[in-house]
Every structure is written in structure tokens, then in C-alpha cells.
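Next, two complexes with chain A in common: one pairs it with chain B, the other with chain C.
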Partner chain A sequence: MNAPQHASLIGQRIPKMDAPEKVAGKTRYIQDLNLPGQLYGLILRTERVHARIVSIDTSAAKALPGVRAVLTAADVPIHPIGVNKDNPPLKGDKVRCERDEVAAVAADSLEIAQAAIKLIKVEYEDLPPIFDPRDSIKDGAPVIHAAKPDNVAMAFDYAHGDVERGEAESDVVVEDEFTLHRVTHCCMGVSGVIADFEPVSGNLTLYSNTQVPFLHKREFAEVLGMDPSRIRIIQPPIGGGFGSKLDIYPFEPIAVYLAKATRRPVKLIFTREEEFIASPTRQPAIIRLRSGAKKDGTLTFRTVDVLLDNGGYTSWGATIPFVMMQTFSSLYRVPHCRYHTKAVYTNNPFAGSFRGYGNLQATFAIEQQMDKMADALGIEPYEFRLKNAQNAGEVTGQGMHFKTCGFQDCLETAAGRSGFVEKRKALGAAKGLSGVRRGVGMASMLHVGGGAKIYPSDGCGTILKLDDFGHVTIMTGASEIGQGSETVLAQLVCEELGVPMSAVTVVNNDTDITPWDVGVHASRTTFIAGNSAIGAARKAKDKILAAAATVSNMKAEEMDLKGGNIVRASDGEKVMPLAKMLRQLHFSDKAELVMTTNYYEPPSVHQDKGFKGDVSAAYAWATQVVEVEVDTDTGIVKLLKVWAAHDVGRVLNEMGIEGQIEGGIIMGQGYALCEDMPVVEGHLVNPAFRDYKLITAPEIPEMDISFIETMDGEGPQGAKGVGEAPSICMAAAVANAIENATGVRIASLPFTPERVYSALKGRPL
Partner chain B sequence: MTAIERYLAPAGLDDALAALAGGNATILAGGTDLMPQINAGKVAFRPILLNIRRIPELRAVEVGQGRISIGALVTINELKDNPVIAKAVPLLAEAADHFASDQVRNMGTIGGNVANASPAGDTLVPLLVLDAEVELASATGRRSVPMAEFFTGPGRSVRRPDELITALSLPLPRLRTVSRFVKFGTRPALDISAVSIGFSATLDGGRLSDVRVAFGAVGPVPMRGRATEAVLEGAALDAAIIAKAAATAQGEVKPIDDLRASAWYRRELIHNLLGKVLSDVVSR
Partner chain C sequence: MMSVETEINFKLNGREVSLRVPATMKALAMLRDRLGLTGTKYACGEGECGACTINVDGKTVNSCLMYAVDCDGREVVTVEGLRTPEGLHPVQQAFVDHGAIQCGFCTPGMIMQAQHLLENNPTLTREEAKRGLEGNICRCTGYTKVLDAVEAVADKNGRCSHG
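Right after this comes the complex of A and B.
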């Protein structure tokens, strides 16, 4: 009766499946791929920031031996890309920012392409530029896109309740302006594509780093005027995404144009400098926030006015106001809220999508102001937050329904483990402007944790097959971009089918094989693709157990799959090996293979025109407390420790989720303390890691990570998405900690030593 | 596009000096400054690329007659790890520990750091306060130039195109010498100084003598702080003298605004950090 006990894989520490190859340097990224007969593509960028193109002379470049094609806008169909259709891959009439593509070369070698680019002569007539988004909306401002004469790329208005009434009921009203800077993803794998156009069949194969292959395929078909079914996207292992690969960018259609023109495969890979200049950034924002509360600490209203610097073109990133408004309207219970955002064109580098998607900016504003309001009310900031924090069951003014909500647990856990209240009081009493001071700060966040129904479908498909030996292949639409999704999907399937991790292969990188998925964004993959994979596995299990019932004396529901065997559910007693059952099915009169499909669509809804609706199937929460040391002689802020409490629904892979949270904290730390892209008159000043300061190993703080498991009813095994959440709170928490240490509140980022020192000296930057 | 016509890698110094005689050679040692500058288009190769890394005598470290000679090809990591250097001039070994990354330190050389003449060069401020001399050789002769007279501007020095830096020669510090090096950047590793400060003096009976102060990244060249030295020479380090020295230093540096820091902030840092350095000297 001593049947083997098979421990659940859920919550275990499981190394990522792709880790050994990566650690051994064996992973073949797009840089390592070469096709027979391949040419090298290179783009000529304008370096002007706003100018009319008078003429382009490519004759000398075309005459250079080894050059196979030189293209300008005159040679290709005019089909602008991007969410506003405002970005022609090759610019014909005018250029709007320094990265703009004016010509492209395909040559036998990169060196020849580089030489050819230098031979292209472009004549420009400069136009008056705009560098400050506040100037974009002034009367008489230069027009950047003729189709948008007011320079407004997108505008969003949202309201619930009656803010005038809320303000009338307020005992304390606080208003602030926050200024957020420009940073970029710094993926270790730079952008690149190989376009392989087969002239005979008309098929186009793209080797691409995209994180949204199916949307990509559709947009490519539109841009190229092709039948989408002729386009196949294969993703080599991707060296990081973080949102940077959510859009189609000009270099991708350009590579296809070059491949079509030359009838040869064209490889186009960015240099690191190009990656800095020509890949997207996080949105710089100016946020004016006004909030009120009653004496007892109840929030009464909030009005928000946000100005986003869109840069020269519009990417998906211009839709970050969707996410920002969730934080303003629904992180805390606010009875009355009004929100207005404009994303305006400037001649700066253009902004895109980035992990956190507007929430870092919104949380920076709201969580600093919560501290200020608490001080104005004479209430401890932790108590003030707890009093207004959302609870399970709440439906917010924006229509978000928090079926599970660990916010108050996150607050209590982070505060309790850090000793926040006592520390803040003691350090605050000693705050000052000399010597080395310490402070603690707290911030919390709300983010979608069960997908986001923005596209017509937020679903993901899975095809699952078992071979004659019990090996499982999962074909999923969900891309792996380093976040660990293939491991967690394999784990969820193993849990259902009772097989070890070694019995699973995940295929997730070929649109000709894998079923549709909307893409890697909105922290959705574990939740959506996980539910899809579980569904496919359950169908397979049903089929296997039904077959087992025909050859045993048990009913299907009396059996289970464990340890590679079909077992009796009641006591785990082995009935027969799984592989034997699979072979019996296959090589019998039935002649069946176990292959299943599943498409999971989350039970969320599209927002209405007023941006109301329960847009995600679950919501993630977190509170982070930081302790910092401020050297008032230099302005250096040292991050000593982070206490992070996250409502993750349930931990699936403890090692994976720790990695996500640690990485997110460090990304948030970089945003808070040192990463910056100074742009002077439209030109990026520091396109290199020498001067773009990422966090290095000695600066990484001690971390105390707590998981709040709310066991979400819709989540896969109870889990919620967590990909973006850990980066969101850091800047706000550090700002509050600096105030606790020094008494000085800084409303603009990043907290570089000079910015902090200037603020301590009362000197405007 | 490169215009290298000949690549030479001589094993002897005389051959290298002969190749340099025409003044049309680019010298390659560690390449950690040269190659990024070439790649960025800031420097162009001359017709001859002269690799000096096979010349053994440029690697020598020798102590004698009250001085230490450090060959131009000694790498930054060797400065840090060589026990002879660490014993004779610990300040230099300490500065090497603040230098870039291990990868750069494995390749970058002390001669290259001097030849590059960056106002922010990490070994230059310690070499200044250690009173180093730059040993130069050409086909026509040899000469020594004191560090304080070597630099003429950012990236420029008195070294002629036909001259090679062969070594740095430093007097061995006297007994009771105290020395300090502070590099300030925005992060603890892999950073280029916003400012740096070197200090060396003999501390005897509570009084300072033979005071040398130098500053990096606060002017067109790494500079000696002569006015600050004058305040400290012969003085007992009390709070008033420290304050006066810090204020003098703040006044005598000539920083500019750039990507890494504003001139105002650099002056503030010089004031505050020199004060910290001197207070630290007192407390030991």
C-alpha cells in the first residue's frame, strides 16, 4: 500500500529550461544566424530633427562595387506604420526626429554597406523644431504632422463621480507637478531582423525579435500589401524585450524592401549606439495632480492632467494613459476622479512601450502625494494608505472588479517586515541636511494581472501532443522573451499530466506552427497562456483516462496521472505506465494519437468609450518599502534594502518569480537613481553604456521578498501576472525615503547625485 | 575607413623608436582608449600602426636610488596586484582599484592612461601627488618631464609624435607620508570621474609638510592645487585650516559644465570631498 507520493510542482524552485544553454554561451541569437546568400542591410538616419527633404542623391552609393540595392522613399510604397499610421518606414517629404530613416542599403558586406551609406547625399531645408511638449500645444506652434495640426497625437479623458463635490467635501487639498524623464530598455540583445523573401513562391520569412508575432504578421501584410498567410515569423531566442519589441519599427519593413529589391535574404542588426538612438524610450511626462481628503483620512477626489512627450511619431506606447488612469482612479478608493492626458508630438526621439506602461510615472506622482497628504492631515502615511486601500470584492469607479485583492496584506507585510512605522518616525525625527542621513519610504501599486482586453481578443492558443513514449510537446502562441514563460507553461502541463519537466518540449517561436496569441505584454503570459496550456492538458488527460477506463476495471474519474503512470486516484496505486497506454491507443484498432487544442479567452471585457469596464481577469498588487542613505555632502543616494510584498495570486515557480521581482526592482532602481537620456535640441547626448548609467552589481540592494497568495479563482493554479509589477513602486518609494532622510521632496527624476545635492541646497536644476 | 598602410610589432625598443621617427605612427598598447576613439571617429589611424606590446623592457618595474620606475606597459590590474608597487606607492595601487572594469584593467596600461591625457584619467591624479616624472624616448634621445608639466590640454601633452612613453618614475615616499585618493562618480563601479582628488603629505608632530594636492576632471588637464598646498604647507590640521583649504580648492579649480556634472556641482564636490579627505587624515 506504500504507493509513491508525487509532490506537486507548483511552488517549486525550477530552473529556466533555456538557462543552461544561455549560461554556456550556446544560445544562438539572431546575431548568430546567417542565411546562404545573405546581404547586409544598413539605414541612413537623418541626424536633423525637423527638416524638409529637398533631394537625395544615391548615385555614388549605387555605383560602389558590392552594393546590391539603395532605396529611398521614392522606391517603396508609401504605407506609414504605427498606431496612428504616422510613420513611413522611409521618409520622403520630411524628417521629424534624429533617428529618421531616409535611405537604406543592402550590400555584400557590412563594411561595403557602411561605405555606401557615407556616399549618399541628402539636401535638407531645416524647419522650426519643438523640443518641449509644452510648446507643442501653444498657439502658432510649428506643425509636425500635417494630419494633426494641433500636434496632439492622442488625447484621453476619463471621469467618475463629481470632483467639484469631492473638493467641497475636502478638509485638505494638495496639488503638485511631477516631471518624469526619458529612459530606455537596454535589452542585451539589440534589435534586428533577417528578411527572407522567396521570389518564386512569394513567401516571406522573417527572423525577428518581436514579442508580438501574430500582430506583427498582420501589420506586415498591411504595410507590404501582402497576403498575411504568405508571411511566416520565426523568433530566434530573444535577448530581452521589456516592451521594446511590441511595435513594428521602420527597420523591419526596410529589411523586407531590401530583400524584395535584391531577391536575397537581408540581415539588418542594430549597433548598440543605434539601439540607443533608434529604439523607443519610456514616455517623459509632466503630471499635475490635485487630490483631497477629509480630516479622518478619507480620500475625496482627484484631478489629473498629464502631458506626454510622444516624440516625432506614435507607437503603442502612446496608449499608456489607459494604464495611468487605472492607478489614478482605482489604486485607492476615490469617489470622484477626473483625468485628462495628451500625448503630443515633438522633435525628440519617439517614445514606445516599456515594462510598467505608464504606471511608473503615475505611481511616482500618486505615492509621493499620498505621503504629502498624510503629513498635511497629521496621519501616519502607512495608516493613511491602509484606510483608503482597495479590498476584495470592490468594483471601482472605472469598473474594475477586484475578485481577489491582496493590497492590504501587501501593506501590512511590507510595513511589518521592515518596521516601517517605527523606522520612519525615528529617522524622520533625525532628518537633516548635513552628514549622512537615512530614510525609509513606501509605495504601492495596482497593475493588470490577468491580461488586458485591448485587442479584439486577449486570448492564446495551445496545441499539445503526446508521443508513443509519453513525451509532451506544447505548441503555444506565447513568446519567450527571457521572462521564463516556457518553463512555467511546461510546469503547468506537467502538473496536469503527471510527467517530469524533462518529458516536455515547448515550441513557441514559429507562426506557421503555433496558434494565435495577442503577444507578450500586460504581464499576461503566465495567466493567459498558462490557462490555455492547462486546458489543453486537461483535454489530453480526459482522453487518456477515458482510454484507461476501457482497459481497467476503474472509471476514468477514479484514476489520475502521476509520476509517468496512470494511477488510482484514491491511493496513488499504479494502474499502468502512461507510455504503455499511449502506445495501446496508437497501435490498436482505435489507432489514435493524443493531440489536443485549446484556446483560452479571459472573462474580461473591453472598456466602453468612457474607459470603463473590467478590462483584466485579475489584478496584481504590491507594496515596496525602501531604506536609503543620503550623503548630503555629495547627493549620493544609496539604496540599502528593499522589502517587497507582492500579491502574485500564487507562486508557480519560486525561482522564476524571484527573478522577475529582483530584476524589476533593479530596473525600477535604475529609473529612480541613475538611468537618463538627456536630449539636447532633439539629439541624444549619451548613446552608449559608458554614459547611460545602468545599475551595476555593487549597487544592488538587499531584498526581502514576500509573496501574498490570494489564490485567484480565474488564475492558472491561482496565479496572477507579475512581470511588470516589481518595477513600478521603486521611484516613488525612494522619493519618499529621501524626504524622510532629509526633509526635502524632489518631484523630478532621476535622483542623480547632482539633482539631489542641488535640491538639498535649494538650487533649481 | 582606416588608412593603415603598415602594421609593426617590434620586439625591441630601438626598432619601435625608429618606426616612430617619422612621426606618422599610431601607437597601440592596451587599446582601451584608442579603439573606442577610432570607432567613434574621434581619432584616425596614421599610416603605421605600431604595436608596442612585444617590447619586454616596457614592462619592467624597478626600485633603486630612492625611486620606483614603472614600465609604460604595466597594466592597471598589475598596478593593483604587483606587491612591489603596492609596497612602494600604495596610493597608485589604491587608485587602480577604482579604475573602470576588470576587462579594461587587464588591457589598459599606465603609459596609455598618461598618453591619453584625459582630465579624468584615474592614474593621473595619484601620479601628480606622487611627483612622478614621465620618461620619454625617441630615436634622437631621452628626456624626463615632471607630470605637472606634461599635460597641455584635454588629450594633449608635450610628448612629440616621434616620442614613446617608456616608464613613469616616482620618488619613493618618505617616512610618515600620508596619502589619499578619492574618485567621485555617480556609481561605485565602471564610472568616469566627475571629480577626483589626490593628497599626499608628510605628517610629523601634527604638522604637514611636503604637501601635494591634485585634482582631476575640474579643468582642461589634471592639475596640482598649488594654492591649496600653500594653505596646508607647514600647518596643523585643525577645523579652521581644513575649512580654509576646502574653500581655497573650490576657488582654484576651473571646471566646466558637461554631461557628467555642472561646474557648480564640481566645485561643491571639491570643497566637500577635500574637507572629508583632510578630516580623515586627522582622524587616523
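Right after this comes the complex of A and C.
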């Protein structure tokens, strides 16, 4: 009767499992690894933006002592990478942006490689460039890829309802154009890879920062013309991901080519400058948005036209229109919607995938326009949103089914905690006065929270084993990229098996060991890998309790696992230690080990050709309110406070989820206020932290974070994905707050002092 | 690729070390490539991010800017030297307990700076911590939990009210 009560781990504040190693400086990132006999790889990048390669002379570089290989496109199989297969790792015929790889060197030291690169002579013939995506689609524009003579890398069209009818029913119609800038991930750990090709066996081991190891393996095999089963990907801990590691990039096959040519391991690590120039960016976008509403505030229709600057090549990021579309079609109840997007080639740096995946851009447009429409209708913007917000049970025009939906709760919580309505009214009364003004702004978002069925499978595998002492090893396909997935997976398994966190090891970094997973994207890991791990743990538990039933006088259903013991479910009374049961199973006639496998595939569906279908097993919602201070004499905007209310399904690790939200908010603050990559004639102006301004500690706002727990029926213990959500609303909320403070609406980002000052003076940049 | 090498002697994490380094080598490269102490990170090489922060004679410096030869005769502490035989240093432990780590790449530099701030001002305020950590970029955490960790140590050091 006095058996100990074992508290649930769910919702607790659990430190990350890898934290002690990280604080001690013991974690070995790709930069910290070295293989015996390794060479140093380095890439020669063109500095032209659009040019034909006339000749490449590598003879002087090859002659330099210590140089082991110098490769150009002529030395390697031409097999372009990327979703459009438009990006050869080494460029042979022409270059299309300043980052382009024209030659690569492997040498005994980095210094020798650097000297060798300088000795390579390339002769070019410049071609007419395109820098403005609007010019790409003009008649007679220069062609960037012969295979796409219209310069359109990808186009998406979507519609539901009948927008003409919607427009006819509208009392108010608002149309705007929004311009979104280029920013980049700035992972603190720069990109890198070590390729280890074993010439005798033909095995390739890649030490890679990828966040999609299994898709990577497949694409690598294609690019290299190898049998995929000969490729092993080992993922050392990474210094930040945020979507940047979702694609194969040219440097990775190049490292393999060098390793194959030299029969030595090759390590290739970027400098920070190279990271800025040669890693992907968020898509710059021009969004034309037209929406209507009836007098009572009911939305009637929406038409959207988006132009995305793809840059010179196409990454997975060019598919962000999928996500943008969801926001336009389904954040609010819109009976009629038409959407058209083009991602076009230019000679600018090429864009990739970045946390939020198009949703920061889409939300910036929609949520500013919601405020404008509310003003035009004479309705309080909060009420206007509430009236059109989705509810649980709704199936949208795009076919998304919101089985749980905390949107209205998010709105009410963020507005209530911030005193939004009263504050907005009071602060808005002083609009137009100069000096230091304050304002509040609100924005909301919808994002996938239960995976996204884009690839043929959106699943994740788990292998789980218990040893003779009750120690659990979870082998999962899901990568840890700093977000804390390994800790959450361990927590979920501990909850099922009644063991402490210290009894668990997570193996998640080796494709030869771990089962398949589609990768870390779409905020899916906790949801998909979590469900997979829970399934594996339940199978193990069933096996253990069935065995316990044979040696006790209780049925399996009458027992449970708690505190490292098998216990009576009704009162927690100890039956026997778990480890003892495991040994009995192992060292008896049964001779069994407890090992289970599980593959979880979410009950979502692929979209049809018209992009309709319930693509995620759950959807995440959030509302954020911000308060800003605007100095009308200088244009300086300070972010004072953020109230964030997030539908997270359920909090699994409170400290972990707070960390995701805080970090996301600050990333969104940077997007809104200061991060920018000006590109002049195809050249990045500021490839250094000195000039690319990131938010630092003194600038962070006060944060008030609320969790809305909708207990999703399909989620692991009720949870939904939250990784991308927190950065999505910020720019829109800040824009609305600046308007509340000054009466001036700014439709382009970022809100630097120059841009804000110019807008206040009536001369928008 | 020959360059002049100089012999230097200094105290590193409490132990005397002696080695020959080229005149152009940075302290960061020496620590990582010569001495195998990879806890100190490269993230910009230009003194702009703080990932390479080490402590030299009681002051924090960006080891990516400092020449290795300038370590001669000094006392250098890196993140690997904070750990005591009993376990993690209180600042390291606070970072673990307060969730101040995500990818962990900024962490060694952040901890070296935080430890330095706390050593000089054991009961510092949140505002002082913010200013003191201005040179350390973190892309993951949004700094809040880092500041929580620093404040927790200040509280343990006897700080009476929140700053």
C-alpha cells in the first residue's frame, strides 16, 4: 500500500541529455573530427555572376608540392544535384552565381590548399545577368538554364471556391504588395564534411551535418553513381540547422570526388565568409495579396500572386509555396481562394529551406493585411481575427482537417495577457505625434504540427532494446540537431517503461545502425519519431508483462512498469525488479532478449494534383502580440515585450519547448528588425557577422509564453510539433505595432532605422 | 610554407606547456590543432561572435584574434579547464540545469565569458549579464535561458534581489 508514487516525466523540466558534454567542451562537431591520413579540401568559387567558362588551367596548382588532387568538371561525372537537377557540383560550361564551384583541391594542409587555389586560372566570357526576379520573366530575358528557357524554376497554382463570386459579395476589398528580403541561417557551426572512401571495399563513409541522412544517402548514390548500400552516413552533433541542412550541396559530392581521386579521407570545412556566400538563404519574395470581407467582418475571398527569387539553382526550398499556400488558404476561414506562385531563376545567391519554410513571408503579408482590412471595416483587428479564426473540427478548402485547434484560445490568451485591445486603442490615439512612440501589434500563424506527407513516406523507424540490467537503447532514424529531440524521445520511452532518464541511451547518428526516417523538417520529429518510439516501447512492455504473468499470479493487464520495477497496476505494489525479469527471460529456456522494432507512419495523406488533402496529422497554431518603441526622429525600433500563446498539443519537456519558442522569437526579431543580405549585382555585400547584424543579448525583449494544450489525439502524449512556429509571426506583429505607434504601414522588410525613417518621412525605400 | 617557429611556455588549464608555434598562428589554431583542445570553437575568425573565448591572465579574449606566441608566459584557461575534479563548474552546471544549451556551439565561449563576468561581479544583475554577454552570439536559444543560468549562479553567490 505504501509503494512509492512515481511522478510522470511528461511536462517536466528535463535538461538535455547532451548538455553536460556540451558545457564541458567535449562534444565533437564535424570541425573537431580528424581522420588519420586526412587531406584538406578547398573549393575555388567563381566571382562572376553569369559567365561562360572558356578554360581552366590547373597545371600550376597541380605542380605545387603537397597538392594531391585538383579537380574540375572535366574530371568528374556530370550529375547535377537539387530538386530540379540543375546544379552540377563542379561547373563545366557556365557559372550562374558568385558562389559557383569551378575547381577543387585536396592537399596535405589547408595552407597548401589555399596556395593551390590561387594558382588556378579560369578564363570567362561574361553573359548578360539578371538580378531582379521581375526581369527574369520578361520577354527576351537572358536564359539562365537552357532546360528552363522561361527562367521559371517552379510554379504552383491552387484554387478553392470561386473568387469572382467572393469578390462580388465583398463590401471591402484591400490589395497590397509586400516585399521580403534575403536572410540566412547563420548556424554557429559552419558547414563541413569528411569523406572517407575505402578503395578496396568501395565503401564510402560520410561524416555529414545533414538533417536528412536517409534521403541524402539516396541522392548521394545517384550523384556518385554508387550502390546506396555502400554509403554510410555518420552525423556528428551539429552547430545549428534551422533547415539549412535539408539539401545536398555541391561541397559534399566534391569532397567525395577528392577522396576518390586521392584515396585518402578528405575534410572540407567552410570559413564564415564562405558560409555566408555559399550556404542557402531564405527566399526573397514579392507578394501581391488581394482580399475581401463583408461589412460584418466575414472574409469573402483571397487572391495571391507570389514571385520568389530562386537564385541560380533550385533547392528543396523552392517548394516553400506548399507551405505559403496553407497559410493563404486555411489560416482563416476563406470560402474562395486563388493562389499563384513562381520561383524564378536569377543570378543572385540561391535560396534554400529555412525554419518556417515560406510561412514567415506569407504570414507577414496576410497578418498585415488583416489589420488593414479591420481598419477599413471599422472593426477591432482582434475581433476581426477571432471572427474568421479556424475551429476544431473544420475541414478547410484545401482539405486540411483540424482535429484539434487552439487558434481561438491562442488569440484570447495572447490578447488577454497583453491587454491588447485597450493598449492598442490607447497607444493608437497618439499616432502621428513625433518623438518616442509605443505601439502593439498582433499576428497569428498556422503550421504543420504532425509531419507533412510530401515524400512517399513521412515515417520514422525505431529499434529498441533492453539489456540484462534494464538499460534501454533507443535507435531512432530521427536526427538530433540541437532542438532536443533525443531528450524528448528518451522521456517518452521512460514514461512507457517506467525507467529513469539515466537508464536510456539514444543512438541517432549512423545510417548503418538506425532505421529509416524522412528527416528533420516540417517540425515533425517529436510527433513522428515520438510516436515511433512510443510504439516500440509499448511492444517491449507487452513482452515484459506477458513474461511477468507467467511467473506471478497476475495477468499482464494487471501489471505496469514503474520505478524500474514490475508493479501491480492498481496500487503500485512492487512485483519484481524489471532487471530481474529481463535476466530471467534471457537466461532461461525461453532464452529471449527484449528487442523491438516499430515504424510509425502518420495517418496523413498526400495532396492531390490540386494541392488538396490532409497533409499533416496535426496542425500547430499561435498568436503573438508585440510591444515596440519607435523613435520617429531616428527610425529606431526597439522590441520591448512579446506575449506568445502557442497551441503545442501538450508540453512534453517544458524547458525544451520554452527554449524552442524563445530562440524562435529572437530569430523572428532578427528577421523583422536587422538581419539582411544586400546583394548588389549578384554579389553579397556583407559576408561577415560584423555587417550581418544578428540580435545579441542586450536587445532581447521580455517574453511571456503561454502554452495552449489541446491534447492532440494522434500526438505523442498529445503533443504537436513546434520547432518552426515561434519565428513565423514576429515580422508581421512588429509591422502592425509600428503602424499602431506611428500610423505608418511598412510593406517591406527589414525594419532598419533607414527604412522606418524613410517611411515615416513619406519616402518608402 | 615554412615560417619561423618560436618556442613558447605557458600555463594551460593549470599545467605548464611548452611548444613551438609559427609566428602567424592564432591561439585558437594552437589550442585546437596543436593541443587537441577542441572545446574552443571557430565561428567567425574575426572577433565578432565570441565562440572562441578563452581566459588569459584573468581576462577573456577572442582566441581567433590573439597570436599563439602571445600566450608565452601567460596563464590560459579554456572551457576544458573549468571542470573541477568534483564535477562541472557551477556555471557549467547552471547552463545544464537552466536549459541554456541547444546546439551547444556557442556554449564554450558563452560559458567562459559568463564565468569571467561572475568572477568579477559575483552578484551581477540581469542587465549587467546582458551587456557582458553582448559579444557572444547564440543563434539557437534567444539568450533567455543563458541569462537565467547566469542569474541562478548570481543568486547562489548571495545576490539578494533580481536586477
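Definition applied: the second predicted complex is superposed on the first by the 764 of 765 C-alpha atoms of A that agree within 3 Å, B and C clash if a C-alpha of one lies under 4 Å from a C-alpha of the other, contacts with A are read in each partner's own complex, and residues count from 1 in each chain.
Following the convention adopted for this analysis, a residue touches a chain if its C-beta (ideal position, glycine included) is under 8 Å from a C-beta of that chain, and two chains touch if they have at least 3 such contacts.
This is a predicted model, so every value here is computed, not measured.
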Field: Which superposed partner A:Cys186 touches (first chain B, second chain C, both, neither)
entry: second
Message: According to the stated criteria, A:Arg272 is in contact with first (chain B), second (chain C), both, or neither; which is it?
response: second
- prompt: Thinking of the overlay built on chain A, is A:Ile112 touched by chain B (first), by chain C (second), by both, or by neither?
  reply: second
Task: Considering only the touch criterion stated at the top, classify A:Lys26 as touching first (chain B), second (chain C), both, or neither.
output: second
Task: For A:Pro678, decide between first (touching chain B), second (touching chain C), both and neither.
output: first
Message: So in the superposed three-chain picture, is A:Met703 touching just chain B, just chain C, both, or none of them (first/second/both/neither)?
response: second
Field: First, second, both or neither for A:Asp633, with chain B first and chain C second
entry: first
Message: Touch test for A:Pro753: chain B only (first), chain C only (second), both, or neither?
response: first
Partner chain(s) touched by A:Arg690 [first = chain B, second = chain C, both, neither]: both
Residue contacts on chain A - larger count, chain B or chain C: C
Statement: chain A positions within both the chain B interface and the chain C interface are 115, 690, 695-698
Query: For chain C, which residues are in contact with chain A within the complex?
result: 1, 32, 37-46, 48-49, 51, 78-80, 82-83, 88, 92-93, 95-99, 101-108, 111, 129-131, 133-147
Message: Show me the residue ranges of chain A that touch chain C in the complex, using the header's touch definition.
response: 13, 15-16, 18-20, 22-29, 31-32, 66, 109, 111-112, 115, 185-190, 237-242, 271-272, 481-484, 655-656, 658-659, 662-667, 688-690, 694-698, 700, 703
Task: Using the touch definition up top, name the residues of chain B that touch chain A in the complex.
output: 1, 184, 186-192, 194, 259-262, 264-265, 268-269, 272-273, 275-276
Message: Show me the residue ranges of chain A that touch chain B in the complex, using the header's touch definition.
response: 115, 633-634, 636, 674, 678, 685-686, 690-691, 693, 695-699, 752-754, 757-758, 761, 763
